[in-house]
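Listed below are the structures to be examined.
Heads up, the next two complexes both have chain A, just with different partners, chain B and then chain C.
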Partner chain A sequence: MNAEQFMRWWICFGQEVHAHLDDLNELDRAIGDGDHGTNMDRGLSKVRELWSLPKTPVENLLELSKTTGMTLLSTVGGASGALWGSAMVQASQKLPVQGTCTTETQIAWLDAIVASMENRGKARIGDKTMIDVLRVGVDILIKGDPPSFSERLNTVASSAREWSEATRSLIAKRGRAAYLGERSQGHVDPGSFSAALWWECLNRAMGE
Partner chain B sequence: MKKLLDRVEAVVDDMLDGLAWSFPDYLRRIPQTRVMTRARPKDLGKVGIVSGGGSGHEPAHSGYVGFGMLDAAVAGEVFTSPTPDQILEGIRVADRGAGVLLIIKNYTGDVMNFEIAKDMASAEGILTEAVIVNDDVAVEDSLFTTGRRGIAGTILVHKIAGALAEDGCDLTTVSRGANTAIQNLRSMGFALAPCTPPAAGQPSFTLAENEMEMGIGIHGEPGTRRQPVQPARDLADYVLSRIVEDLQLKAGDSVACLINGMGATPLMELAILAKDVSMWLQNANIPCNFALMGEYMTSLEMAGASVTLLRLRDDLERWLKAPCDTPAMRQGVMHER
Partner chain C sequence: MTGILLVSHSKQLAQGLEKLLHSLSGEDVFVESVGGVGSLGVDATMVMEGLNQLTDMGSTEILVFGDLGSAILSAENAKDLMPVSARVHVVDAPFVEGAVAAAMSLSTGGGAEEAMAAAEEAYQIRKR
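Coming up: the complex of A and B.
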């Protein structure tokens, strides 16, 4: 991954969240308080602004990840802001300050992002959260089958919405939807849907 | 959506400016932040108290900034936890050299953002402790879930921690007092009509004319079950039974009680609920030594109410009855503002 791909990826993520603003709010309205799209969009529009006209030296991946995290941390709010923001800051240490990063480094970094979220949110696969899409995806990238990274990433990106859809039948164990107990069943988790958009954009940015 | 506002994206900023202008003897907004602090800071050497959360719960939390309660309140977007950088600003201004206690309502986002801010403050050398309020009995408490929500009972924790701090107790003592309150605190709420967050523009759920939601939180989220509307005395009976069972209150245990309106409940109806609560407690032989009734922790224009009981252990009654002087809660002696 190079800096250019990183920026394209996050600009794409911001655009996709913006395009799905109402869908994300609607999903959150059913089992939360209806602002997941609004909150993510507020932070990601700042990130888009940053990476459309970058001030940071564009070859510094560590700084890109860290700045993205700090921006999300101070603009999104709620659980999503804390999780995405602190994960991007913490995991940034895995990235080089100069040049591109190898596929191995990129996978280790993606794993560190998701591990940070698991750690802070104490969510595991099956809890009806973003982790249901993020952890499953990272594990496929780590396993190395098929051997080509881009093929694996393709699989992740094309399956991500199915994984999100699969949260519908689950009972929420973490996050605000958990207070609804069994009434959370029958609704897709909004955080898992934005996470699916994130994978799709990574795949798109890496393919260009 | 019909609301009194100017710019939907600026509701929080506009509100904070309006509050600071309305209560100049009490409140000051730290420029470029969403932190409201005391116009007249607490004496040096006393523990600072910081709370906050999403907006839409007014008068919580900035209404409780002042003598005997909070030193700073941090406002997030409507129903969204504030961000760590803002909470850190609140901690910095509240620190009078004896450390800072954070009072957090148990919501995933609030807990995470306050914990990140606490780490940042500790890294700056500010002694910081946190307590988490989880008074809502509507939600099952379990190791495998997020646990119970923090709702209106949080105000009583503000009051108790604030009184301890004002009395000159150290951080450990203030924190222990707040935790004693939390352990003896239970609440439950219900909604007769939903609320409309400004950015969403539509109600967070819909109810038919004869329906209500039992076991609601304070963010406009649906409750634990939907049921036909009942007379106030039946609602009082249901929520008090749940609370008393959970607290394992016995005849003769004395309590403090908070009857809280959710934003659009006429005070007349709250008073009727208060009458039903008082009769229920009297029949159960549970004396109430301190009562509050009014809008303390709202959920925008939601219609409904919550009932909170605090079992009066140790010195809790003394701290509840200690003087305080804030925009939303004033009792006891006058003091210089």
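Coming up: the complex of A and C.
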């Protein structure tokens, strides 16, 4: 992964969240406070602004991950801002300050992002959260089957929405939806849907 | 000196609790409140500002109380990613009862550890 792919990925993520703003808010209205789309959209548009300023192009992957995280921390708010923000800051240490990173490093970094979210949010697979899409995806990338990274990433990107859809039948164990208990069943977790968009954009950015 | 930081999705809610703490335990306990104004919500930057205010007042230890889960996530982020000079403890306790227990413990000479234990203990005290 190089800096340009990183930025293309996050710009795509911001655009996709913006395009699904109403869907994400709608999902969140059912089992949360109805602002997941608005919050993520606000933060991701700040991330885009950061890179459009007239200054030397950012080529430092570590710095890109870190500043993306710090921006999300101070602009998204709520659990998503806290989880995405701290994960991007903490995992940034895995990335090089110069040049591109190898596929192995990229996978280790993606794993660190998800591990940070798991630690901070104390969520596991099956809790009806973003982890249901993120952990399953990272584990496929880690396992190395099929051997081609781009094939694995393709699988992850094309399955991500199904994994998000599968949160519908789950009972929320973490986050505000957990207060609803069994009444959270029948609704897709909004964080899992935005996480699916994130995988799709990574696949797109890496393919270009 | 130990300070108390109240983190709520609503600044009004935190400020109301701040008043309550001062009325129950006197004005000597350092209390700051942060939270959403207008649009409700909380982020790490707000928490950091509150922590800085308390360290400016002279707090060397700070107990942080949050109203809902994401207030606690934001507090942990501020603690880990935006270091201040005071020792920061994010307390797992009910927002109102925990903060009241901590303030009363501090106002009667308790230290940070003791106040934190009193706050956590508040989960066990039933109302009826």
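Some points to look at:
Convention: the second predicted complex is superposed on the first by the 202 of 208 C-alpha atoms of A that agree within 3 Å, B and C clash if a C-alpha of one lies under 4 Å from a C-alpha of the other, contacts with A are read in each partner's own complex, and residues count from 1 in each chain.
Here, a contact is a pair of C-beta atoms (placed from the backbone, for glycine too) under 8 Å apart; a residue touches a chain by one contact, two chains touch by 3 or more.
Small disclaimer: the values here were computed from a predicted structure and weren't measured.
With both structures placed on the common chain, the touch criterion links A:G32 to chain B but leaves chain C unconnected. Of the two partners chain B and chain C, more chain A residues are in touch with B. Residue contacts after overlaying the shared chain place A:R183 against chain B, while chain C stays out of touching range. Of the two partner chains, neither chain B nor chain C is touched by A:G126.
The contact surfaces that chain B and chain C form on chain A in the two complexes overlap at residues 33, 35, 39, 73-79, 81-83, 86, 120-121, 174-176.
Partner chain A is touched in their complex by these residues of chain B: 54, 76-86, 107-109, 112-113, 116, 138-140, 144-146, 149, 197, 199-200, 202, 204-205, 217, 219-222, 224. Within the complex, the chain C residues that touch chain A are 36, 40-45, 68-70, 73-74, 76-77, 80-81. Here chain A touches chain C in the complex through residues 33, 35, 39, 70, 73-79, 81-83, 85-86, 89-90, 120-121, 174-176, going by the rule given at the top. On the chain A side of its complex with chain B, the touching residues are 25, 29, 31-35, 38-39, 42, 73-83, 86, 120-121, 173-176, 178-181, 183.
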